[in-house]
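Supplied in structure tokens, the structure appears directly below.
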Amino acid sequence: MENSLGKLFTITSFGESHGRGVGIVIDGCPAGLPVAEEDIQKEVDKRKPELWAGATPRVEEDKVEVLSGIFNGRSTGAPICLLVWNKDIDSSGYERMRFLPRPGHADFTAFIKYGGYNDYRGGGRFSGRITAGFVMAGAIAKRLLSQIGIEVLAYTIEIGGIKANPQSIDGIRENAARSPVRCADPIAAKEMIRVVEQARTEGDSVGGIIEAIALNVPAGLGEPAFDTLEGDLAKALLAIPGLKGVEFGSGFSAAQKRGTENNDPFAIRNNHIVTLTNNAGGILGGISNGMPIVVRAAIKPTASIARSQETINLRTVENDSIEITGRHDACIVPRAVVVVEAMIAVTLADFALRAGLIPRVIK
Amino acid sequence: MENSLGKLFTITSFGESHGRGVGIVIDGCPAGLPVAEEDIQKEVDKRKPELWAGATPRVEEDKVEVLSGIFNGRSTGAPICLLVWNKDIDSSGYERMRFLPRPGHADFTAFIKYGGYNDYRGGGRFSGRITAGFVMAGAIAKRLLSQIGIEVLAYTIEIGGIKANPQSIDGIRENAARSPVRCADPIAAKEMIRVVEQARTEGDSVGGIIEAIALNVPAGLGEPAFDTLEGDLAKALLAIPGLKGVEFGSGFSAAQKRGTENNDPFAIRNNHIVTLTNNAGGILGGISNGMPIVVRAAIKPTASIARSQETINLRTVENDSIEITGRHDACIVPRAVVVVEAMIAVTLADFALRAGLIPRVIK
Amino acid sequence: MENSLGKLFTITSFGESHGRGVGIVIDGCPAGLPVAEEDIQKEVDKRKPELWAGATPRVEEDKVEVLSGIFNGRSTGAPICLLVWNKDIDSSGYERMRFLPRPGHADFTAFIKYGGYNDYRGGGRFSGRITAGFVMAGAIAKRLLSQIGIEVLAYTIEIGGIKANPQSIDGIRENAARSPVRCADPIAAKEMIRVVEQARTEGDSVGGIIEAIALNVPAGLGEPAFDTLEGDLAKALLAIPGLKGVEFGSGFSAAQKRGTENNDPFAIRNNHIVTLTNNAGGILGGISNGMPIVVRAAIKPTASIARSQETINLRTVENDSIEITGRHDACIVPRAVVVVEAMIAVTLADFALRAGLIPRVIK
Amino acid sequence: MENSLGKLFTITSFGESHGRGVGIVIDGCPAGLPVAEEDIQKEVDKRKPELWAGATPRVEEDKVEVLSGIFNGRSTGAPICLLVWNKDIDSSGYERMRFLPRPGHADFTAFIKYGGYNDYRGGGRFSGRITAGFVMAGAIAKRLLSQIGIEVLAYTIEIGGIKANPQSIDGIRENAARSPVRCADPIAAKEMIRVVEQARTEGDSVGGIIEAIALNVPAGLGEPAFDTLEGDLAKALLAIPGLKGVEFGSGFSAAQKRGTENNDPFAIRNNHIVTLTNNAGGILGGISNGMPIVVRAAIKPTASIARSQETINLRTVENDSIEITGRHDACIVPRAVVVVEAMIAVTLADFALRAGLIPRVIK
């Protein structure tokens, strides 16, 4: 069950980078949810490579196919299977690298774990391409969350050392989606593009940080002791290739704060219970407290770089080197933003169902 | 199943701070594992409040009771239930605070989620005390991991802004356990005690960062796409009260690195495949690569502080204030170290079983 | 997770026949459910050995202890741990039989599976005694189901070839509980006692059939394709030692029926949709249809009989024989009735929660 | 997760009768298993409608498509997605019956559970057609079990009251597959065809009983207390539409036996530990004992019959009647045989992996 996630809203991922296609089965979606194929397509399109000059390494035109679970424009209560086919891709380049694990990639660990039987072409099961399935599931989850007013927004706050200035919610809504790097701060965005392009020119790559907020999450989501909101969000996010750290609210910076600073005082404002600060990131004791959920995720620099790198030969078990050809994203952060959004939506949908906030049939 | 964690090595937590006791059921432990009650007791004792002057807020003498699953000094293959009884504690102080949620605590979210029926005394189910159960499970998991040579070491690397200098493995093994703050750098440890004491004096508290390494983890642990080693470690760690962020290897600092820096080159050294650096923290594609697993966790400053804080009254729904009396740890980081170790051990035990590395019967 | 059952209402069993005690952890019970210790005790008392002369082999006075999850007379939303301690029992007799697996018992399979490390005393983990835990969970589940009017009734319909005549619901409610063999037909009950006593006199044992009905189950319970109401009920029941078959509605007799006989016509009666017959046993497509759930379970004759039986010696791997001493139930059917009721209640509680029929907080 | 089954070898079902297709995702299959598309196709072909004159109601030419998880003729360790497309079928007939639930079918319960949003065409998700997915999973499971010599054989032992005489294993292997009714007793088979044809002629239908044995199952499979071999087999089988009862070994007839008859004595034969009888059906305490697993399942008469039947109108909530047109199997028992085999194979594969009997990588 390692390719399934979630208890009541469960997604099961399948497919490989250079196989027939990439898909997802969504089990537990209430019946009656209005879902148009376009809703899903729109999300998948956000995964497209960047628009700015020179940034497009590989064209993917992923047309979403609904294989089951949607009938007359609504979910039926049965499992929803969604698929994008892979285009015919020349995989011959990967034969050459088959026994030369690329540093920073899963080639080595997959080879060991699956005894060399794994589909190694294009990273196979470990390619970022499988996140197309995550995004399709995210589209359904977002539709479901919209029933109770929950909105998830992810955006880039740092790339290659360039940090964005904080923006208003409206600023994020307006600017992040339009920015090629999904950054809501237009000035920082420009800088970010520059450092990505510079890294690419030098045959190198850069990483970054994505922040996400979930708005209108009612208090009470999360199922401690173990199925905490933080724990399940972190687990879902860490399934995204290249993501190496997750923090909530003040996160790692809390280590340098005092209790008097970090505690969020409760107060009544406009007849609502709020906290006056949000160092908790909207989560106390593993349960949402009604404030915006705030989570940040660290993305490492793209492992595929156009430089010769030291590696070993898995067949001869000797030192060797590898040069990765082809075009690759010099920074995957912008494309990962919609995937972060999807994984958060999927997790919140599961908790909303577990908390009984969404009925089993949507009228 | 929200109080259960793990697929083959499954722990189920029960108990509250001021109830009868705190326990854990461990399901899936192979038969034949030699386990002495002392092994478990030793781990539980590490949770004891600190030894330095003035640091001991509440005396807990937790005597481990084995209720099932161990017979003639060995695990039987049946569920192991372990329990520590709660001492008679005066809970009357909590009546006063019943409707005044403490900032930074789960009082508010628990009240909302459980409709006020939760056991609120001493934080009830959300008290750090329930981690006594985690630690007992960790003791069993460590015994199991020792069968295949895996060792887990956690230690404090930062408290209240004081950062420890990196130490050798031997230095960590020797110094961390003896340090009252579980820090392997003796000079920093002294400083840390000072800042904790200062915070306490000022009615305040401090947070910190715990690092953990797992040694001799063979390549191949982790079950992607979703049950990644990072994901399940993060989820397990985030069940620890006060823990707000998790990162692996270079983690958040990867965001500022280039691919050329962050990629770990593969090489043959002493007939073993290694990586020359370990920015991946021993995990590639969600699977262990044979290098030490490296994980860091951020702990927020203790929420219980001896200052008046703004809060609300849940009954009258009006603004109010609260002053928490009694003695509390001014820094929970040192006591959380053994819990971090336990949760990592529990997670690795689960993955080792899933990978078939530990037989179902230990001879 | 093999000792856990249920997805939202999850029970985790622990304990052995001659260990410290037998317990159960109930996870997922909504907060606010009124539960008195007496409610649980009353159910456990129904497991007591029979009252008629000579039928009492082993005295068990099981006093239920609540270790967690209930506070001020109500469930808190936290895991409920319930325990009955084992009395000091002389286990020395079992040493003699340690390597002589008793025919019809799990001694052999447990020895093989757990490499001889299993607690063999009194059947250990495979003793009927562990069903005391099931019954405690059943008590909670029944309380929960009573919130939505569901009632579960189990009763003996056959023992040692003696078949009971069908009784009215009221007849079952009145007579089954008072009958020493839990049979609602007083005439058959008398006969049953006679055949049990005769078998006992001859050093032999008899089996039987238990029927159970669940009343007021609303249409819509069950989660196909795989979590069908029949499937999960059967799985839950087959955890009861000695239970070897399960059927629903017309069950095995449907094999001899024609579609015209077996199909249940739908009709409106008193403004309710009903079926005019109930060959489906209240379940269509794995989902309850609003009619009474009807299930029957076959219980084999007690494996412990006072006759010399052929067996093998597991140490010498030679043919041998065994004579089981001590007193044993000559028929476990009457004591299994409350366990059948419990397992059905536990399963229905899980499905009622999954269908959203019971709120997460009970006011 | 209601459409997933199994803990280590997990199958996830999707698809509907008149939608795009029917599929299955198999998660947890070890890497390196040789699998040819033909192996899967061969099993699916066994679901074909019968060969004898007049017995073929609906032509299905199901061509298996491998969407993921198999590469160069071997499993890769990644999820295996298998699909059969639905042919263009005229669904217009179902519009007419949309609000007229067919007696014995899931139309009514699905309507209630999914609020009328379910795909009602051809029974949608509740059609026997979804078992095409089960059978594809069974094909993989059988390949896996063949690695350790386990063989699963299912065959008809009763149809419409006609009982087959017991046959030898070789007789079953030879005759059952060739018989149009999958019955190993050629004389009874002829009779069975006759009663099926007679029922069809009369616009009626018949049910029957399928027996299955699993050979060479080593002692030790099954994970009590709750994941018993019987429990999980029963659950898996009860997912098959129309299956209403399951029994193991002497099953329901054990209720009429005495302990002296029903207990299986242990003995050494040819240096193996065996039982001299097999009333336990190869399972003691929920764990296989090394003898053949013996299970029987009752299949009800086909619900679709060519007679006018009483029903209700779900829209008007008035009494009504329905006449089902089109051609339907007058007995689904023969087609269910391969599905029974599949579900047993899937369950045993899961337990074999859980017991550590099959390595994670097959060389």
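As written, the chain order gives the labels A, B, C and D, with residue 1 at the start of each chain.
The rule is short, and it goes like this: a residue touches a chain if its C-beta (ideal position, glycine included) is under 8 Å from a C-beta of that chain, and two chains touch if they have at least 3 such contacts.
Note that the structure is predicted; figures quoted are calculated from it, not measured.
More inter-chain C-beta contacts link the pair A-B than the other of B-D and A-B. Centroid distances built from C-alpha atoms place B farthest away from subunit D.
With centres set at the average Cα position, the gap from subunit A to subunit D is 39 Å. Mean C-alpha position of subunit B lies 46 Å from that of subunit D. Chain centres here are Cα means. That of subunit A falls 27 Å from that of subunit B.
Counting only residues that touch two or more partner chains, subunit A has 1-4, 7-8, 13, 113, 125, 354-355, 360.
Residues 7-8, 354-356, 359-360 of subunit C touch subunit A in their complex. Partner subunit C is touched in their complex by these residues of subunit D: 1-5, 7, 13, 101, 103-106, 108-110, 112-113, 125-126, 130, 158-161, 199, 204-209, 219-220, 222-228, 230-232, 234-239, 241, 244-252, 254-268, 273, 275-276, 279-281, 284-290, 298-305, 307, 309-312, 317-319, 354-355.
Residues of subunit C that touch subunit B in their complex: 1-4, 6-8, 10, 12-16, 19-21, 23, 25, 27-28, 31-32, 65-69, 71, 74-81, 83, 113-115, 117-119, 124-125, 360-363.
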